[in-house]
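Have a look at the structure below before the remarks.
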Amino acid sequence: MTDTDTHAHVDEKETGRVEAFSDGVFAIAITLLVLDLKVPRDAELKGSLAAALLRQWPIFLAYLTSFATILVMWVNHHVMFSRIRRVDSPFLFLNGFLLLFVTFVPFPTSLVAEYFRASGPSARTAGLVFSGTYVLIAVAYNLLWRYASTGKHLLDPHVSEERVREITRKYAPGIPLYLIAVVLALFSVTASIALCLAMAVFFAFTGSLPRRPSIENP
Amino acid sequence: MTDTDTHAHVDEKETGRVEAFSDGVFAIAITLLVLDLKVPRDAELKGSLAAALLRQWPIFLAYLTSFATILVMWVNHHVMFSRIRRVDSPFLFLNGFLLLFVTFVPFPTSLVAEYFRASGPSARTAGLVFSGTYVLIAVAYNLLWRYASTGKHLLDPHVSEERVREITRKYAPGIPLYLIAVVLALFSVTASIALCLAMAVFFAFTGSLPRRPSIENP
Amino acid sequence: MTDTDTHAHVDEKETGRVEAFSDGVFAIAITLLVLDLKVPRDAELKGSLAAALLRQWPIFLAYLTSFATILVMWVNHHVMFSRIRRVDSPFLFLNGFLLLFVTFVPFPTSLVAEYFRASGPSARTAGLVFSGTYVLIAVAYNLLWRYASTGKHLLDPHVSEERVREITRKYAPGIPLYLIAVVLALFSVTASIALCLAMAVFFAFTGSLPRRPSIENP
Amino acid sequence: MTDTDTHAHVDEKETGRVEAFSDGVFAIAITLLVLDLKVPRDAELKGSLAAALLRQWPIFLAYLTSFATILVMWVNHHVMFSRIRRVDSPFLFLNGFLLLFVTFVPFPTSLVAEYFRASGPSARTAGLVFSGTYVLIAVAYNLLWRYASTGKHLLDPHVSEERVREITRKYAPGIPLYLIAVVLALFSVTASIALCLAMAVFFAFTGSLPRRPSIENP
């Protein structure tokens, strides 16, 4: 093997291991969400089990929103990594910063589930923590991409400048839109969560770029 | 490397990462089931610990059924992926839709464990949620395969048309059979769970296709 | 690539995915054990926190035993897979049968932790379930190896007949020795757990065979 | 393939599987930390939910410290493995010894969260267990590296003697510094945790060595 081949091999193995670790964290965080779904106990049953489960619908809404958000983040993280050929220490720590908030998601989910129908201020606080977590995730995600793409120092050299700017533009709306969800939470927690769910759907469509090199290098 | 080799390499890496993420989710969901097994507390012991554990047999039955179902789904998911050479965004989200219900399995398992011996309506509700979850999994699984195999656009070109139809036929009974389990739950939760367990065994045998290319291209 | 190369490639990928799934299950089961360690609550503190933690020593002993057993099982599973070149459906299900008991380990661990210092019959039941689980693991492990090695149909062709018999001999003592631990639990739960811990150490040394092909094909 | 190529291939696959298992354990342990974050229940609310969450700040501090420590340990474990070309049985068990303490981290984190604001002796005990766990992790980490690097028998032959000594020097401060954190816990739990967090930041910068072979073999 030539020296360049060796570098490419080492870089690909390194990048692969960071991807695998991140995938593990995404997979575990998404699966732990189910622990936030509580079986109604006998004591809480003021009617049938069916009625008790239906009264819990906000828990299922929060579960679905968090599941969709982590899934879409994973797909986009995966797309981002398909552009990356090397990792360095600051990148590893920025990635860790993103994972910190990803692993945190089950907590605000649980908080919303518990306080969704509580009195005004408590429900508002829960909604603010929920949407605020997503603001932090959007910040961490944009930081990671900006760091990797600046001067293209960690990117696959085949990715064009124009492509990089296009991706940057696609990720940009995350922060302001999640900030709107934070403001919405002051008025209606339901509307705030609905916006977060809508954004997961939005990023599912805009964030998923074509991955085939043929499309990029026509 | 030729351009075609590069594509094949990228596609294989992509597909591999989706498989790895899915495997992670299957592995975590199957292992979290153990958290539904509760150690009987002193207060509940109206006799010996042995008797208390034996009284919990429905919990162990539900655990075994969920374990077997997730394991068989994993084996079949694995077989399905051995036919697939490329992934695209809709495929990623259909796969995510399947994983949503897979990660959800510990909740109905816990629900059945809690309400198995409760009064009629509650036990029935638990049984309906349990078997209903499996209907949704069967729907998601069939959707994923139909999408991947339509026009064979994501499949390995070596898989024959006839083979594709044969696989489609093998997966098809899942939806009607799990619907029967839903109807059964209205009469007997035990019978409904027993049917779900029997179906895991059924798919263990019919779903596991030969994987060696030699067998398909004689 | 020749046809034989393609087969070897497909087989290696398949075997790798089964290893990865199993590794995931082992890794999660070993990490979930920590959830059996309970923080002593204020109510239980009849003295200092230090004293409360020291009174919990059986929980730490059970934790250590289960951790060591799963770790050693993982190392040996890993060694077994280094001999295997192909997987088929019965092998996948025998492997799933082994994983069923591996994921179950946190439950008997929790049971022993709870009832270790209870009255005679309850402690005995807990000890029987704990050591009985290890008997089932040993049975599943031996079944998996016997199936893979019979006629060497799933093994690397470079593994000699003599080597196969030697490995079979090394795994064999597991079942009788864990049965002794079951019998011991009737008299002393401590002695039974101590034997299980000793066996983890025993298999750590005897089960870990050299992995370098050079040693096998001199 | 030549015989040497086969060895290199087998060794790389083996090493890769140990890395993957370890990554799995790190990923799960880091994600399970979120379960230590408890949603304040209605009963505990002597004011608003916001105030209840703010009163819980020590839980978030302990969460952040444990997250940062596991992340940095993972990055360094990853860097260590980039130097390693072979694994043997003692290495597997030393690695298992390290993972034992890594999986244990959620327990002292939970202990500190519960007893941070308790009376003197209980808070002190919690702080001692927390920092003491990190001493054991540092010991296990240094043992693993010393074993692998002694006579360079498991290392990549391209790593120079000087490089090995440099790495050994960089890891060395861990044990004495965490021992200082243990002593600090006798006086102030906050100061002790703050030192642990500072050390995670310290190792983030010093422990992350360049990974590109070009830098080592100029």
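Quick notes on this one:
Labels A, B, C and D are assigned to the chains in the order they are written; within every chain, residues are numbered from 1.
Rule of thumb we're sticking to: contacts are C-beta pairs under 8 Å (C-beta built on N, C-alpha and C of every residue); 3 or more make two chains touch, one makes a residue touch a chain.
Bear in mind that the values here come from a model prediction, so they are computed numbers and not experimental data.
Using the contact threshold fixed earlier, the set of chains in contact with both chain A and chain B is empty. Chain centres computed from CA atoms place B at the largest separation from chain D. Chain A maps onto chain D through a rotation of 90 degrees [Cα fit, steps of 5, range 0 to 180]. As a whole-number value, the distance joining the C-alpha centres of chain B and chain C reads 25 Å. In this assembly, the C-alpha centroid of chain B lies 35 Å from the C-alpha centroid of chain D.
Each of the following residues of chain D touches two or more other chains: 20, 24, 28, 32, 35.
Contact residues of chain C toward chain D in the complex are 19-20, 23-24, 26-28, 30-35, 37, 39, 41-42, 45, 48-50, 53, 64, 67, 71, 74-75, 78, 82, 204-205, 208, 211-214.
Interface residues of chain C facing chain B in the complex, by the touch rule stated above, are 3, 6-7, 10-11, 14, 17, 20-21, 24-25, 28-29, 32, 35, 89, 92-93, 96, 99-100, 103-104, 106-107, 110-111, 114-115, 118, 121-122, 125-126, 129.
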